[in-house]
Each structure stands twice: as structure tokens, then as C-alpha cells.
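The structures come next, written out as C-alpha cells.
In what follows, subunit A forms one complex with subunit B and a second complex with subunit C.
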Partner chain A sequence: MKKKNFLKSDGVQSFVASIICIILGLLIGFIVLLLINAKGAPDAMLGIIKNFFKWKSGAKKMENFGVTLVKTAPLLMCSLSILFSYKVGLFNIGVAGQYVAGACAALYGVFGLHWNWLGCLLLAALAGAAFGAISGLLKAYCNVNEVISGIMLNWIALYTSNMILANYLTPGRKDTPELASKAEYSKAIIPSLGLGKLFNDNKYVGLAIIISIIFAFAVWILLSKTKFGYELKATGYNKNAAKYAGMAEKRNIVVTLAIGGLLAGIGASLLFLTDFSQWDCNQTSVPAMGFNGIAAAFLGGLNPIGAIFSSFFIQHITDGGSNVDLTMYCAQISDLISAIIIYLCGFTGLIKYLFKSGIFSKKSEKDAVNANAEPAAKPVEPADAKVTDDTSADDTPAGKEAETPDNVADEEAQASGKGGEQ
Partner chain B sequence: MGMVIILIQYTLLFAAVLSLVALGGCFSEHSGVINLGLEGIMVMGALGGALTFKFLGGDASPFVTILAVLFVAIAVGVAYSTLLGIAAIKLKADQTLIGTAMNMLGTAAATVIAKSINLAEDSTKPSSEIAYPGRKSFLFVDGYEFNWFMIVAVVALVAAYIVLYKTRFGLRLMACGEHPQAADSVGINVYKMRWAGVLISGGLGGIGGICYITAGVSSWKFEVGVAGFGFLALAVMIFGQWKPTRIALAALLFGFFRALSNVNSGFEFLKNLNIPGGIYNMLPYVISLIVLAFTSRQSRAPKAEGIPYDKGMR
Partner chain C sequence: MESSENYAIEMLNITKKFPGIIANDNITLQLRKGEIHALLGENGAGKSTLMSVLFGLYQPEEGVIKKDGKIVEIRDPNDANALGIGMVHQHFKLVECFTVLDNIILGVEPVKAGILQKAEARQKVLALSEKYGLNIDPDALIEDITVGMQQRTEILKMLYRDNEILIFDEPTAVLTPQEIKELMQIMRNLSAEGKSILFISHKLQEIMDVADRCTVLRKGKYIGTVNTADTTMQELSAMMVGRNVNFHVEKKEAHPGDVILNVENMTVASKMHKKNAVNNVSLKVRAGEIVCIAGIDGNGQTEFVYGITGLEPLVSGKIEMCGQDITNMSIRKRSVSGMSHIPEDRHKHGLVLDYSLEDNLVLQRYFEPEFTNPAGFLRRANIRSYADRLIEQYDVRSGQGAETIARSMSGGNQQKAIIAREIDKNPELLVAVQPTRGLDVGAIEYIHKQLVAQRDAGKAVLLVSLELDEVMDVPDRILVMYEGEIVGEFDPKDTTEEELGLYMAGARRKEVKA
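Showing the complex of A and B:
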């Protein structure tokens, strides 16, 4: 009995559902590798799963572990942005553009304003929030679907950022300079706090990762422990009910997307202000970070704490993608696996539903029903079993329930729906 | 004068793409399924078409090339859209999430396939670029880019109008997007209708994809996908209020702004304004946001779109 309760808890179900998604995703990825070139497929798959573990020396292992962590921080922020908005019933696909806006603002803070890292980070937060708020305003007051406005804003942010940052290029190149290259820029580097020493002197590892984890807990507290978070979630469940209960549903939409944008903007600054990566002003496609955030958010069961682990996993296999033998495969195989995982995440609701009523619990329930039914007259049994299949799990013992008028009506409705099977 | 013709040709080309894809979205949404995966469908259809070009080579007769490319692009688009059908109709998953996944999957899969084919030919050249030498057979005016896809788009527009408003199938399809329970009660199979809507949108999205990547260029890097064109098409559809005739006009407007970003440097007076190229690049997206802001409020969207149909629900 206790085991059943354990399986019925939402967190466990989400976890199992995510694991199923991962396994299926990796399996399909493996099949694709087999189709491309059967001989190297096992090695390639191992390379993706191992990522930094492929290094023999412990020091190298730690250094590359650090690299994955550095890129996990912005990914985690993006996935927090997605899941926060999703809890309020908004699909913030504009996260990619908000991320770009954040990156642009952070780097403008460095090169244009010569601010320190905290100032640049706040500027990035502001820029991301502004882009999110545009989507929110359009949604709340003009009824524009946030997905479509988000995509448009992604491209607008990309082209705007390319234009703004083109003023600060490294001489003779198409990307922005390294922050460490000049004294007035280097104060914008997020401090390492000595954490880099743990990762074989990987100077990019530092405060950024801690900030992102703090934000994960902050989002969790905001959503599940505060009145404000409750209001936002209520708006997401039923906009009209929230309005009726006196909540400012339009304001909530704008605020939600602004917060989503703020998270994504900070995420971008956490990558670019570690000096790990520079902005390429020639890029013609929106960075994948935001879209991978969608994968991480859903894989983490839309839970901020789960997102910490799922972000790391998504980044882990994304980095692992570069381990494949590039004369046979391409690194994008990881993107393919992430995309498959997102597609499968669409079915987590279904998997949870199966948990509640389907394959996982049906067997034990049927046993229970049979145990109840056995003392009764034998011929009735098949009818009993049929009823339990159709009604929900709570209606035990099922045989008696079917007699009540409510259920009879239900049965009739279903029968007529199926073209009068009975 | 030459520049004006070039501007017109690109406007018509992009308008053809946008109207084809927007019609795809239109069929899907009228049946009650939101198809945000159009972008992914376009990429896959484009890949199918491009590979057909590649394997036919430049020697096949124009007629065969055109038919084969169209057929494969449609077939791949339809096949790919079954992913949406299974998820949205059969398994009642979140359509927004599935659409997004399909977009990412489309670009990733197309890149992997294109790169694998290129790697198999030459293991030192990992590129996702696929060239289509037979593209010229699609053009019917020497020296210009007027191509058969424009005709296909016009045919599709007329056909969509007739199918949606003048046939029993179309009216039933639209009923399923407005009030599926009512449609079911008079004996229409809602699931079948929704499948039809999704598969038609897959086919139209597939043609739109190959049409987009052949617009004025003779090779394509699949890593970049189709640059948000699937979503621009959705904006066209919304601006067109889900009606084929208005979609055609909306597509012309959006196509014009997209064409401007291709040819702006050719016009003397635009050159003198000294506007950076980035502005022209983002113009279609900015315009679509502004247009959507003004037109979405009195949206005539199908009422039941995005809601999975459940027979047992009351």
C-alpha cells in the first residue's frame, strides 16, 4: 500500500516520466546514428553520454566538467524563464530573444559604459525584462499570441544586437573583444571566488553558477510559497476565474513575461560576463540557448529544482555531441536528441495519466476488484470488469456504483458517442 | 526599371511562400489544431525537395523535375506532420509544446541528414549545404526569378477557397474547428477531419519550404532552418483572418517587406537614406508585430482551436 502512494506522488511521477523521455530520446538518437553509420554508432553514443568523462586525466575531466557547468548557468536561467511563464499559462518562446537582448545589454554595459559586472548584469536583466514586457503587453491588451510575438521579437532582438555590438568589434574581426583584453573591460568579469581552482584552474567557473542556482530556489519560493505566485498560477489555470476573484489578470500577464525576460536576460549575462564566449556580430540565427531552455524546463517536470538537473543534463549531452567522430557524424546529433526529448515531453501528461489509471495501476486494481467480486455470483463478473475500465480509479467497488443514475447517464453518453456499441 | 522588376519578382516569390504556408496553417486551424510546427514542416519539405533536385541532377527534363520535386516536398511535409497529428489528435498533448518541438526537430534532423549525406560523399567536408542544379527548370522567364511556385501558390489559393467554402468536406472541416461537439452530433468524424486538416497543412508547408529555399539562390545551408518564415506565415494567416482571399493580400504585403531586405541596396534613394542593412532584415518582423497588434483584437480565430477533442467531454 505504501509503495502505491509513493508511485502516486506527483514528483516521483514527473521524475519517472522524465527518465522515460530521456531513455526514449537517447534510444531514437542511437537508431539515427546506426542508420547513418552502423560501425561507429556505439562509440558515438558513448561519447555523447560521457561528455567530459572521456578525458583520462582527472584534471582534464574537472576542467571540462567546469566548461559544462559554465554553460549550464545560462541554460538554467532560460529554463526557469520558460517554466515560470508556463506555470502562468504562457508559453514564453521569446526567451531566445530575451536572452539575446540580455547579452547585448550586458556587453554594451561593458564596452559602451565601462560598468562593473553587477551593473552590466542588472542592465541585462532590464533589457530582457523589457523584451518580455513587450510580449506581455501585446498579449494582455492586443490579444496577440505570445508565441508569435515572441518569435518575431527573437529576430528583432538578434538584428538589433548585431547592429549595436558591431560598434565594438575586435579590430579585424567580426566578434566582440575578450573582456580580459583591456583593464577597463576586465572589471566586468563575474568573480570566480576561487571556485575555478577546483576545476583545474578553469577561470570561467565562479559566481555565475551559484547565482543561477539561487535563482532556481527563488523561483521555487516565489511560485509555491508566496501570495503573488499563487495569484500568477491562478491566472494561468483560469484567467476569468482569477479576474472574478479580483486579481489583475492583465497586469499578471505582463509581469509574468517581464519576469521571464528578466531571468533570460540575467542568464545571458551569466555566460557573456564570465568571458567564456564572445558575441559574433555575423550570426544569422538566434542562439540555441533559449530553445534548449524549453527542453530543460519540460524535462525538469516544470519544477525549478528539477530544472537544475535537467539543464545540466541537456548541456551535458549538447557538449557531448562534439565528441562524435566528425568524419562520420555531426555534432548536431545532440540537438536532435534534445528535440526528440522535448517532443516526448509533450506526452508526460499522458505518462502521468497512465500512472493514475492505466497500465501501471490497472493490474493491481483489477486484482482488487476481482478479490471483491469473487464471493459474488460468477456471471456478473465480466460486466463488473468492464465498468472498472471505463470509470475512474476512485470508483471502487465498481459493480455497485454503476447502478446510480449519474453513472448510468455517463455510460449512455459514452455508448452513443461510440456509435451505440452496446 | 530593372530594379523594380526584381523587387516585384521577390515580392511575388515570398508572397507565394507565405500564402502557401499560411494556407497550410489555415486548414489545420480550421479543423481545430494549432500548427506551430509549420517552420519545422517547411524545413523538412525543403530538405525533401532539395534532395530530389540533387539526385535528379541538372539533366532531367524540367517537367519531370518540377513534378518530382513538388511530389517529394509534399510527401515529406505530410509525413512529418503526422508527428503533430499523433500528438495533438490521438494523444491530446499540448499543441504549443509539440509545435515547438517539431520546429527544433525539423532543423536538427535536416542538418543531421544533410551533413550525413555530404559526409558520406566526402568525409573532409562536414557541411549542411545542399545545392540544386536543376533549379533553373522552375523558372519560366529567362533572366528573372519568376517560377512555377507562384503558379502553384495561385492554384492553391483558388483551390483552398473552393474547398473551404464550396465543398461539403471544407464546411465540415471548419465545423470541427468551431464546435466539434456539434459537428460530432450530426455524424461528422471529428478525428478524421482534424487529421485531414493537419495532413493538408503538412503538404502545403512542404511546398512552401522548397519554394522558400529556392527563392533566388541555388544552394541552402540547412543549419539556419527557414529563419522564422513559418511564424511569419502564421502572422499572415492571423492578419488574413483565416480566409484565403485575405491571406493572399496579407502575403503580398509581408512579401514586399521581406523582398525589400533582399534588394534595398539596388535603389538609389534607399541607398541615400543610409539605413543599416539590419533594419531591413528586421522590417518584416516589426511590421508583422505592429499589424498583429492592431488586428488580433477582433480575431476571427476558429473557436475550438488548440483544444483537444474528447468525445466523452461535456
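Showing the complex of A and C:
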């Protein structure tokens, strides 16, 4: 009985669902590799999974572990941005654009204003928040779907950034200068705090990753412990009830997307201010970091702490993709394989839903669910699910007995969610 | 013992279990040919499960179903249809933009070489309509006809398919008193022509009026089958609930005091059509009285309440509460100034279903210093003890107490939670919209007592109700709303359901001063 309860707990289900997704993703990725070139597939797959473990020397391992960590920080921030908005019922696909705006602002702070790293980071936060707020304002006051405005803003952010940062290019180059190249730029590098030494003198490893983890905990506290989080989640779960309870549901939408943008903007600064990466002013596609954040958020079970691990994993796979032997596969293969895995990672919600709807359970439970979902079976709307509800609430408090009403409720939630979303 | 041949359908010793729950425990239901048989039970008693078994949506673990004395197996709804079992659902399953005739033949269209033979179908429909006194226009669009007519279309659908066993699922919930009378007559006609009718309801008066026999279920168990001629409403309700229920709300004479709510010339726009949903309505509610807005669903009551509570802006007009102009006040301010609102739709407005019970219980007060510290963190311990007190005081039952997710609670207990929250705020004005919708008699009795207790404590109560029993029983004054206007004011002691029905249907109106 106790074990059953444990398996039914939401956290455990999220975890198991995430693991299933990862395995499915690896499996399908492997099949694709087999189809393209069966001989190299096992090695290629191992290379992806191993990532930095492929190096023989411990020092090299650590150095490349550090690289993955450096890129995990911005990814984690993007996934926090997604999950924060998602908890409030908004799908912040504009995260990619907010990330770009953050990158642009951070680098403008460096090259244009010669600010130090903290100033640049705050500027990036502001720019991201501004882009988020635009989506929020459009959503709250003009009823423009945040997905549409987000996608539009992604492109606006990209080309605006290219234009602005092109002013600071060294002639003949398309990438922005390295921060270490000039003294007035180098004060904008986020301090390593000596952490780089642990990673075989990988100077890019430092405060950034710590900042991102602090933000993960901050988001967790904000959502679960504060009045503000209570209001935001209420708005997300049921905006009508939030309005009924006198919450400023429109303001909450704007604030939520602004905070989402702020997180993404800071995320970008955490990458570009380490000097690990430079902005390519000729790029014509929105950086994948923001979109990968979506997968990381879902893979982490939409939990800020889970996102720390899922972000690391996704970055690990992405980096591992570069280990694929390019004499056997074309150059795009590493992106393709990591994309497949990341894509499958987005299915945690589905897997969890399948758990709950009893696909994996006994047939009798499944029957109950199906019949309840069938409109003809339950014509009396308010009485829906009450046959089981009453009894379980009164006599059988927890565990297996409560399954049927749970299932029904979830199905309803799914159905209404789908209806409301579009 | 009668011989089996007299029964149109028999469900013998049906047991249907769900994991941990026995939804139907050894239930026997025998429907005689040509009788009207009522199936009575509270929400959760197992009526729906039993009907789902009859329709083949569930397979029972034990028991058999017999048609005309022969055992039949019903695996899915198609089997049920083939056996001549038809059902009028509470929420009609009609295509709004189709005509009555199109809806009736939908799914069984008479076709020759791929071409519809509507003339043939029309003949049959008209003949049936005449035979049973249904009086319908086959060419009218569903969206243009009354709810009563829509229901008759559903009945014709069953008749057109030559169904012999007709199930009516709470058919009177949506009808006016006049329409209910007509429906009762139609049901009698049908049974006189040999159709067997199963009538699901928890309205005792209707069962006494129309049914020959009545089978009562309680908590999944079979309680008994009685001849309505040999029983009383009291006896039936005791069978249904397991104890004696007081139908009439006991209340003393009202002593109305100061005007608490004063609405002047309120007009609210409609989201559905271009006309105003509420048109120039004025009314007053005093401390210590219950005023009820009666009317058929969709006559502007919802928008009227939205206007008062601030969920929708007014087009024009003025609202005062306790002498203060609240016309343009925010919802939060209205709430803090002493307005409580038990909303019409507890799932849409009343609860955050994915929140725990305790989080729902503080939904109107979470921002108070008692529950949020100055730094903006929730005081969880205080929320818990407050929730525990309300749960205890208002007898809100749930699986895991304060931590129960609201979604998993029964409708009655969800409603109790809302009532606890809204009453415990100690409001000056309590706006209660259909507070007993979908609840069983036990819960209804409780909620009515709470409303009267609020009145006796000197609060103003504005009740909006579609249930005539409630309209006649609970309030001190009745205002009838028809097409967004108040068309009559009544003292419940000096009026009848029939009189109210005429006003509710728009057949009569009189001038009302606020």
C-alpha cells in the first residue's frame, strides 16, 4: 500500500516519465544512426552519451565537463523562464527572443557603455524583461496569444541585435570581439572565483553557473512559498477564479512574462559575459538555447530544481553530439541526434498523462476512465465522477481507491485545458 | 410473484465495482411494460453507473440483464439501441443549426441510391408527433425553438427509432412549470401507448405525480422499490437519504433593516447577442432579508450578478452597498468592503480546482496579514489552522483534510467549502447564485439553513435560483427576471408556482418599483 502511494506521487511520476523520455529519445536517435550508417552507429551513440567522458585524461575530462557546465547556466535560465510562465498558464515561446535581447543588451553594455559585468547583467535582465512585457501587454490587453507575439518578437530581437552589435565588429570579422581582447571590455567578464582551477584551468567556469542555480531556488521559493506565487499559480490554473477572488489577473500576466523575460535575459548574459561565446552578427536563425529551454523545462517535470538536472543533461547530449565521427556521418548529424533526443524530452507531459489515464494500469481502471470520458455515459454534468468521488472522499482517503476520481479529474483537466488553450 | 414476461427490461442483481468502490452493489431494477418507473437517489448513489451498465458502457461483474424474460448481453451502446433502449439526456444532443427533422433522422437517414428520402421521414415524424401529442414543427431550426421543444425533438428521436424503453435523465431540470406539466402528460401518453419509461430524478414531487413505481438507491445499494400510490414524499426522501429530511426551510418572520444593496437602473451588455442582457434593473436588498431573483436560465441573471460583483462592467446604472457607491469599485475592494459571492459555477469561478482545499479556503483572504507576512511569504501554519477550523465548523468532508486537492472532492463538499469561505468572511451582503445546483437533498437542506442563518444574523442575502422549490421556500421576497428585466415582485406566501411560471415565461408582467 505504501509503495503504491510512493509510485503514485507526482514527483516520482515526473522522474520516471523523464527517464522514459530520455531512453526513448536515445533509442530513436540510435535507430536513425543505424539507418544512415549501421557500422558507425554504436560508436556515434556512445560518443553522444559520453560527451566529456570520452577523454582519457582526467584533466581533459574536467575541462570539458566545465564547458558543458558553462553552457548549462544559460540553458537553465531559459528553462526557468519557460516553467515559470507555464505555471502561470502561459507558454513563453518568446524565451528565445528574450534571450537574444538579453545577449544584445549585455554585449552593448560591454562594447558601447564599457560597464562592468554586474551592470551588463542587469541591463540584459532589463532587456529580456522588456521583451517579455511586450508579449504580456499584448496578451493581457489586446488578447494576442503569447505564442504568436513571442514568435514574432523572436525575429525582431534577432535582427535588431545583429544591427546593433554590428557597430562593434572588428573589420573583417562577423563575430563580436572577445571580451578578453581589450582592457575596457575585460572587466565585464563574470569572475571565475577560482572555480576554473577545479576544471583544469577552464577560465570560463565561474560565478555564472552558481548564479543560475541560485535563480532556480529563487524561482522555486517564489512559486511555492510566497503570496505572489500563490496569486500567479491561481491565475494560471484558473484565471476566472483568480478574477473572482479579486486578483489583478491582467497585471499578473504582464508581470509573469516580464519575469520570464528577465530570467532569459540574465541567462544570455551568463553565457556571453563568460567570454565563452561571441555573437555572430550574420546569423539568420534564432539561437537554439531558448527553444532547448522548453525541452529542459518539461524534462525537469516543470520543477525548478528538476530543471537544474534536466538542463545539464540536455547540454550534455548537445555537446556530446560533436563527438560523432564526421567521416561516417554528415556534419548535421550531431544536431539531428541531439534534436531527436531533446524532442522526445518534451514528451514527459504525455508520458505522465499516460500514467495517470491508466494506459499502464489494469484494464478495469481503464474501463472506468473510458466510460467516464464518454459523454453518453454521464449525461448529468454536475454528477460527473461523483459516483466514485463521494465514496472515495468519505470512506477511502488515499491510495489506490482514489485512482478513479483522479483519473477522471485529470481527463477533464486535459480536455478543458485543450479547449481553453486554443 | 409475477412472471418474467411482464417486464420490458430487467436488471437483476447487478454489481459493478471500481477499484476500492462498489458503485452498484447487488441492484435489481425491473421495468414493467408500459409503466413509468422512477429511479431515485442522491448524487453518487449509483444511478449513472446503473444506466451506463444498461447502455453497455460498463460491464457488470455480477448480475444479468433480461429483455422480455430473455438474458441479453449489452456490450456497447449499439447493442442497447438494437434492443430498443433510448435515452433523453439532460443536456440535449442536438445539432443547433439543423432542423428538427434533420436532427431526428440523424444517423438513421432514409436513403435511396445515396439520396435522402426526407418526405418519407417527415411523414413518420408527423404521425408520431400527432399520436403522442408532441406538437412539433419539423422544419424549425433547433436554435430557434424553446428548450421544451428541443426536449420533444429528443423524445421524437427515440420514437423514430422505434425504441420501446425510454429513459429520461432528469428531464425537468431545464423546464418551466408549464412545460413540466406538458412533459408529464407526454410521458403518460407514451406509457398509455405501451412504451416503458425509466425516469431518473431527485425531485420527489414529480415522481409522486407521474411515476407508477419508484426504485431507490443509496450509496450504491438497492434500498427498495415502492408503488408511488402507497408511499409519501417523506418516506421516499427518508429512503433516499437514510434519515428524515425537512423539506421546508424553517424560518422565523423576517425583520428587514437598512438597505444594504441598492441597484439603480443597472444595464449590463450581453456577450451572446447585441441586446443588453440586463436592462434597466433597479432593486433593493435590506439587512435581514433574503431576496430571490427567480427566472428561467439565461434571462440575464448571470450578467446581473456579474454586474453586482464586478466581474463585468455596467453599461449604465449605479450600485450602492451600505450607502457607498461601488459602481466602479474593483472586485477585491467590493469583497473587502463586505460582499461575499457564492458563484453560479463553482468550477469556473468558485475554486481553483488544482489547489488544495486550504488554499481554496483562503482564496478571498490570503493577502490579509494573518496569512501573508510583510515580506510577502505565506504564513502556512496560520492557513492550515484556519482551514482546519472551517473544515470542522462547516463539516467539509474530504479524503486528506486541508491538503485534499479540490478537484477530487465531491460536488457537495466543494460547495460547502465555498460557502464556508464566503460566510466566514462575515459579509454584509451575501450573493448566492444557484447555491444548491446539482446537490442532493441533504446538502440542500444544509445550505438553506446557512442562508437563513445569515439572514437572521442581520445580513442581506441576494439569492439567484432556477429551482422553484427553492424560490418558494427560502426567500422573503421574490423578484422574477425575464429577458433582463424584473417583471414581477411577489411574497412567497401569497403566490403559487403556477403564477410565478407565467411571469418567468414572459406571459405576464407587472410594474415593479425598486
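The rule is short, and it goes like this: the second predicted complex is superposed on the first by the 331 of 422 C-alpha atoms of A that agree within 3 Å, B and C clash if a C-alpha of one lies under 4 Å from a C-alpha of the other, contacts with A are read in each partner's own complex, and residues count from 1 in each chain.
The definition used in the following text is that a residue touches a chain if its C-beta (ideal position, glycine included) is under 8 Å from a C-beta of that chain, and two chains touch if they have at least 3 such contacts.
Bear in mind the structure is a predicted one, so any value in this text is a computation, not a measurement.
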Partner chain(s) touched by A:Leu113 [first = subunit B, second = subunit C, both, neither]: neither
First, second, both or neither for A:Val12, with subunit B first and subunit C second: neither
First, second, both or neither for A:Ala234, with subunit B first and subunit C second: second
Contacts of A:Ala180 with subunit B and subunit C, given as first, second, both or neither: neither
Contacts of A:Ile23 with subunit B and subunit C, given as first, second, both or neither: neither
Shared contact residues on subunit A - subunit B and subunit C: 413
Subunit B residues within the subunit A interface of the complex: 36, 83, 87, 91-94, 96-98, 100-102, 104-105, 107-109, 111-112, 115-116, 119, 123-124, 126, 128, 184, 223-225, 227-228, 231, 234-235, 238, 276, 278-279, 281-282, 285-286, 288-289, 292-294, 296-297, 299, 311-312, 314
Footprint of subunit A on subunit C - complex, ascending: 17-21, 23, 43-44, 46-49, 52, 55, 57-59, 77, 87, 89-91, 169-170, 219-220, 309, 311, 330-336, 341, 343, 348-355, 359, 363-364, 366-367, 371-372, 376-378, 397-400, 404, 407-413, 437-438
Subunit A to subunit B touching residues, read off their complex: 32, 36-37, 91, 93, 138, 142-145, 147-149, 151-156, 159-160, 162-163, 284-285, 291, 294-295, 298, 326-330, 332-333, 335-336, 338-340, 342-343, 345-347, 349-350, 413-414, 417-418
Residues of subunit A touching subunit C in the complex: 225-228, 230-231, 233-234, 237-238, 240-247, 362, 364-365, 367-368, 371, 374, 376-383, 386-394, 396-398, 400-406, 409, 413
